[in-house]
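These are the structures in question, set out in turn.
What follows is subunit A paired twice: with subunit B in the first complex and subunit C in the second.
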Partner chain A sequence: MTEATTAAPVEKSELEKRFPDAVKADARPGYAGFLVDTSKLIEVATALRDEMGYDYLSSVTAVDYYSDAPNAENFIEVVYHFYKSTGGGALELKVQTPRENSTVPSLTPLYAGADFQEREAYDLYGVNFEGHPDQRRILMWEGFAGYPMRKDWKEAYFEEEVKPFKNRWPEGQVYRIEDRNPFNKNNAYPQGFDPTGFKETDDPKLYEVLERAAREYSEDIDTEQVVVNLGPQHPSTHGVFRMAVRLDGETIVALKPVMGYLHRNHEKIGERNTWTMNMPFTDRLDYLSSMSNNFGYALAVEKLMGDKAAPPERAEYIRVIMAELTRISNHLWAIGFLLNDLGAFFTPALYAIVERELILDIFEATTGSRMMCNYFRFGGVARDLPEGVLEKIKSLVTERLPRKIDELDIYLSENELVRSRSEGIGVITPEEAIAFSTAGPVLRASGVPYDVRRADPYSIYDRFKFDVTVRQHGDVYDRYMIRIDEMRQSLQILNQALKDLPGGEIMNGKNPYQVRVPAGESYGRVEGPKGELGFYIVSNGKGNPARYHVRAPSFINLTVLEKMCVGQKVADVVVNLGSIDIVLGEVDR
Partner chain B sequence: MYGLGILKGMWVTLTHFIDSYVEDIKWLGRNRYYSKEGIQHRRSKDTKGIFTVQYPEEKLPVPEEFRFVPFLVYDVDEEGNKHDRCTSCGICAKVCPPQCIWIVRTEDPVTKRPVPEPVDFFIDVDICMNCGYCAEYCPFDAIKMDHDYEMASFDRHAEHIFNKEKLSKPASYYAGIRPTNYNREETLKAEEAAKKAAAAAAKAAAAAAKPADGPAAGSTPAQ
Partner chain C sequence: MTDTNPTVNSAGYEVPPELRQNVAITTLDKIWNMGRRYSVWPMMFGLACCAIEMICTAASRYDLARFGMEVMRPSPRQSDLMIVSGTVTKKMIPQIVRLYNQMPEPKYVLAMGACASGGGPFKEGYNVVSGVDQYVPVDVYVPGCPPTPQALLHGLMKLQEKIDSESITQVRWYGKEDIPAIPVPLLGPDLIDPRDNELIKQETSKKPAAPAAAPAAPAPAAEAAS
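Entry: the complex of A and B
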């Protein structure tokens, strides 16, 4: 942390000195980073990447600054968070563009990891990224009318701008919302669209892109290629997810993921919600690791709230304990289902799930729910560990889990079938892993020792001894092994945290039902089980977030899927996907 | 040796397979299945062999903190009259993330002051996300999360908006499912009441003492 904060000011002036006309520090109160001239963005980003070492583009998103007041200054701001893959704090760039014909140069040619994120900003905000190789809608369908994240866009069943809604109390006019707003009212359709006669189009744009990619792969196509859609209903896709692949025989020549089937505009809901209300909604992102999601969101908001929301010691320890247990339970699940994808149908998965169940028992006893934990509050946690829970955690962490992880290791790691199906498959080089903004196990299995807990420590992670796991081959086997390694490191952290767990309060002050969040922006990120999970929030001092963005690791990790698969057999697609470990609740949001 | 890894793996599977029989034999004479004790053991850190539970014949015990769709708590006085704890303050309706609580407050026709007990109270249980906020933030311990998770029904349109009658459960039920929480709250309340009583007694004592030096007290405002 200290390294980051001391290093940043030097860089700041450096960047401003380099581009005196194009870059200026963002002086709005509560804001940080730099405002960059749109026309100079590429130049600045190139310098950042090639000269200053900011080679990792973590997050790209847009914010709609909009007010319907007359003479209001309305614009869309695209926000970039850059990091060094060697560690340290963020460098934040922003460019502003008018709401009409919003256009910003695309960073995809420089940072391949911007691909899906820019498509998302295009899809939800209508920002046109000039030079993007494949700008299509990504979460909504092609032909959808409007840009759902814009402030003046209203969803079907729209009630009011922000919660709490007025008619709930004291009049309590109860109704079922479907009765008041039937399907065809309060919906906008593209011109000529008939909702009753809706038929799935055959995605001409998607197939065009596939064909183009196929031509890039090999100029002299003389064999007949076929397009196969894997999914959306397919047991290997871990949810409703589709991969359109173009095959030359058994070989993949192009692959495009199609997603958004589970899209519910989580971020829009988040902006209608109050700050507190968002906590249980974050549970539903990556529903296998709700504690980590809580963690990220709580950090982001606490950063804005400052000292009055600094969690007490005991709460910090409980947070870490819960986050690491979550990591173990997530990895058990990931490994189990990766083995499923490899063809070891359900025996390994069920062995892993037994241990996960025991961890979920702990969550249930503490938080009241196995998966939708809703446990973190701004400034602490919701309740203390009930009687007996600490003993149960200790017995699992010291006795059972180490033994069971070893068992899983013996059971699978040396198995020749597992090895021959996964070694050398889906190789991602370290350079590619960084360029594609992959995070978490995918990044570390490619030989990049980057872990937010170490690179940019948050909470109390700087107090624990643990190794940042890393594996060198970047193939499916290493992505499997890294999860075994990580579980062992988590156990190590757990052992230390359990030993040092202090007594005392679990909340800083009272736990109010409404919180005041000072105006400003903040980006809170944690090392979730699937990778860097970030929350970018903007507050205008009111009771609801003005912007609430989730940097979803499973979504961004998918950017690299095509790279993993091209040139390999169709059977490997499933394994590659399994090795990324996605949860569609988080991908589609 | 090629194949050794597979053999090792199969050995693990075999031990799991054998374990399930060994466990059954160990439990001979006691009930490993369909008994509280057996289920408890199957969820412990020493569990081996068959792990699954045959729902609905067997049910996992839920921990005290377990939360499902909330209910309203009412107290019963000595004469058997029910009193809603809810004062229709509206906090739960304001904090509910999916906004599935509707509260009808009413006012006294004479004084025009709000009447504490709500006229009606609705929760759309289809929308409720079981987050537990209403129970957490209610200042009167009037709404609590339930343990009863079996509420499927055949008609979602008519039956899934629960009204006050359907939501209300006695405090004794609450004490039954959440004894630790209940006792903590009751102790707190008793302490508060004792404090209040002490304060009132002190006041009364002071008031009783006052008339004696009444003229002196009367002279103070003149300052």
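Entry: the complex of A and C
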């Protein structure tokens, strides 16, 4: 059912044969992949990377298996998803560690892309990654009490383990939860804590790390270095993102991204919500492309639910149409704002936003909302296309958008200023791009033709003819051009999908109030506009996910930001960041 | 300035028709407020999803410039209006308070969307502040998740109405007393509001009745119920 079972079985046995003591297949019902002995993890991962071709570490996350029942087997499991950069299904490794003093060897020296993801697992689950070069909290701040994603950690506004809460309608009465908190706020403090004279510890630690990183960058002349904070309130950071930068004159010596300013606890809330309730929350991850987020989550859950949630033909086509329209609208926005960062303040963005608005009109007509579409359901979509919308999409796709994309291309791509500001800036080699687990346009601009739609096709993408766009230089200019190319490919897919769109049902069965999801795990991934968007979910057969993890492309793409920027001028930081195209809702979740 | 403008020229004095192109009689409050209501400079300050709708409001289709508000300033020192557009998190609120303190008077705050108004869909989250009004005073609340550009425009017009209703003799920023800055919260084991210090001390020094009840029932709720 999960991808690993469809992956080449030869390697499966090969891995087990190679490490007979350390690796064994995960035999729990509904699970796939391999359980690896903690002490052998590095060895196994090295073999995977160097000998078996699993060079792309897509996702690292932790799951807390906890029950307060007596004699319950409680442990934390760290889950890794490996892929080949040439395509194919996942290979899943799992490492189990006790909840007290959880320690797992860090994979960062092997796969640089594990860096932020391991920090996240440390931050939220308290798993220590031995050998991690910079293990600090990433989404919360240093000094925060507890590891919030652990099942026995309760927030200040805690009411009940799972939703829907009993005290609500029809039986109960709604009350304001803040009235039950002594501070009238969403705060709780450990016993005996005294706030007088309290000093923060987050920033000093950050500057310490920054200084350490700067020492590695040696220059002949000893000059005074300056620390500059870009953000969290900064017009170029696309939201509340902060970069602590150490400068030698105009040159970047060290850069550390600081995030979590929009960490709104998707995963904790997601584990409390019912399966269906999570759908509108996914809208708010990458809020520029809600339809793609819906798609990823729906795929992950449908994979677990099996045939009874297989969407009918028409729904599949509508899904693809919506996802591709989303990609276009997202890239229009990204290009507009990249030009903003390059110094062409708001004029190109205005042109891009006009086209985006037309796409939003279609979303609004279909789903009722411009941005937060909440359109996908398990086994189909929420509503059919209303009258007239199909014609609108057709005229947009065949007439207006191709012309407008050409227009952007003509005015921007050959522009002398754009080229001199972006060519040769922030170069990422293909090897680096794979090692840092970058995804989407960033990966493809570096010459790696990896697109989930082609590498590991989902939904009905195997029916369409389109090219996987790729550019060779890996600089800002290519990351801009790849988005233009991708919009054109999306139009191609749209043309085919619109031509073949069948009639019929849009839901498999009735749209249920509650869905039943069998126990097990699944990892659903789609090629979102920002890159590979994955949802790792674990079900224990109840009405709520036991684990709900989002592999957010913007977040993981940021791992490579420091690499892009060190050694370059401070003005290029902004451009490099713009070329990654992050959305903070997804970075911080 | 003609007599068709409702915001001036209504001081109760009749201006002869031949002079109406050149002369207007109005009150100081009215002319002062008119100047301010048509030149509100919002801070270029986006927090989350709502910021995207805020940008769309400023873009060509909805065109905020019609209200004299298109001059978005990234610096708080140059802005009059803080549009809190998105979820306010504990990690971000110290910065928001700091920015608010840095804005010169007269200053206004517009809470855009459900999150900024009261926590919204993420209210229960451990890193989420339930509404920016717990820390800074809010003038206008705009509901929606996210509010459409039309809704934001309506909120801004409500702000203009509020500006119209103010009088130069009564506003706080021309008063004799200093306006105290809002104490900046700290990031401790949880968010610390310095105004709550005494209360926090009092609550955390209570004998551990709370931890015993912790696994089953939430400690704060149990205390409040007792």
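By definition in this document, the second predicted complex is superposed on the first by the 556 of 589 C-alpha atoms of A that agree within 3 Å, B and C clash if a C-alpha of one lies under 4 Å from a C-alpha of the other, contacts with A are read in each partner's own complex, and residues count from 1 in each chain.
Just so we're on the same page, contacts are C-beta pairs under 8 Å (C-beta built on N, C-alpha and C of every residue); 3 or more make two chains touch, one makes a residue touch a chain.
This one's a predicted model, so the numbers in the text were calculated from it and none came from an experiment.
In the superposed model, A:Val354 lies in contact with both subunit B and subunit C. In the superposition on chain A, A:Arg383 makes contact with subunit B only, while subunit C stays out of contact range. Contacts of A:Gly143 after superposition on the shared chain: subunit C is touched, whereas subunit B is not.
By the touch criterion stated above, A:Tyr31 is placed in contact with neither subunit B nor subunit C.
In the overlay built on the shared chain, the residue A:Thr367 is in contact with subunit B alone; subunit C does not reach it. Applying the stated contact rule after C-alpha superposition, one finds that A:Phe281 touches each of subunit B and subunit C. Shared-chain residue A:Pro232: touches subunit C; no touch with subunit B. Applying the stated touch rule to the two superposed structures, the overlap between the subunit B and subunit C interfaces on subunit A comprises residues 159, 280-281, 354, 357, 372. Within the complex formed with subunit A, the residues of subunit C that make contact are 44-49, 51-53, 55-56, 59-61, 74, 76, 86-87, 89-92, 95, 99, 115, 119, 121-130, 134, 145-146, 148, 186-194, 196-197, 199-201, 203-205, 208, 210-211, 214-215, 218-221, 223-225. The touching residues of subunit A, counted against subunit C in their complex, run 68, 139-141, 143-145, 148, 152, 154-159, 177-196, 198, 200, 202, 232-235, 239-240, 260-265, 268-269, 272, 280-281, 284, 287-288, 349-350, 353-354, 357, 370-372, 584-585. Note for the complex: subunit A touches subunit B at residues 159, 163-165, 167-174, 176, 273-274, 276-281, 347, 351, 354, 357-358, 361, 364-369, 372, 374, 382-383, 386-387, 392, 395-396, 399-400, 407, 410-419, 511, 513-514. Chain contact summary for the complex, subunit B toward subunit A: residues 2-6, 8-9, 12-13, 16, 43, 45, 47, 51, 62-67, 88, 90-91, 93-97, 99, 101-105, 114, 118, 120-122, 124, 129-133, 136-137, 145, 157, 161, 180.
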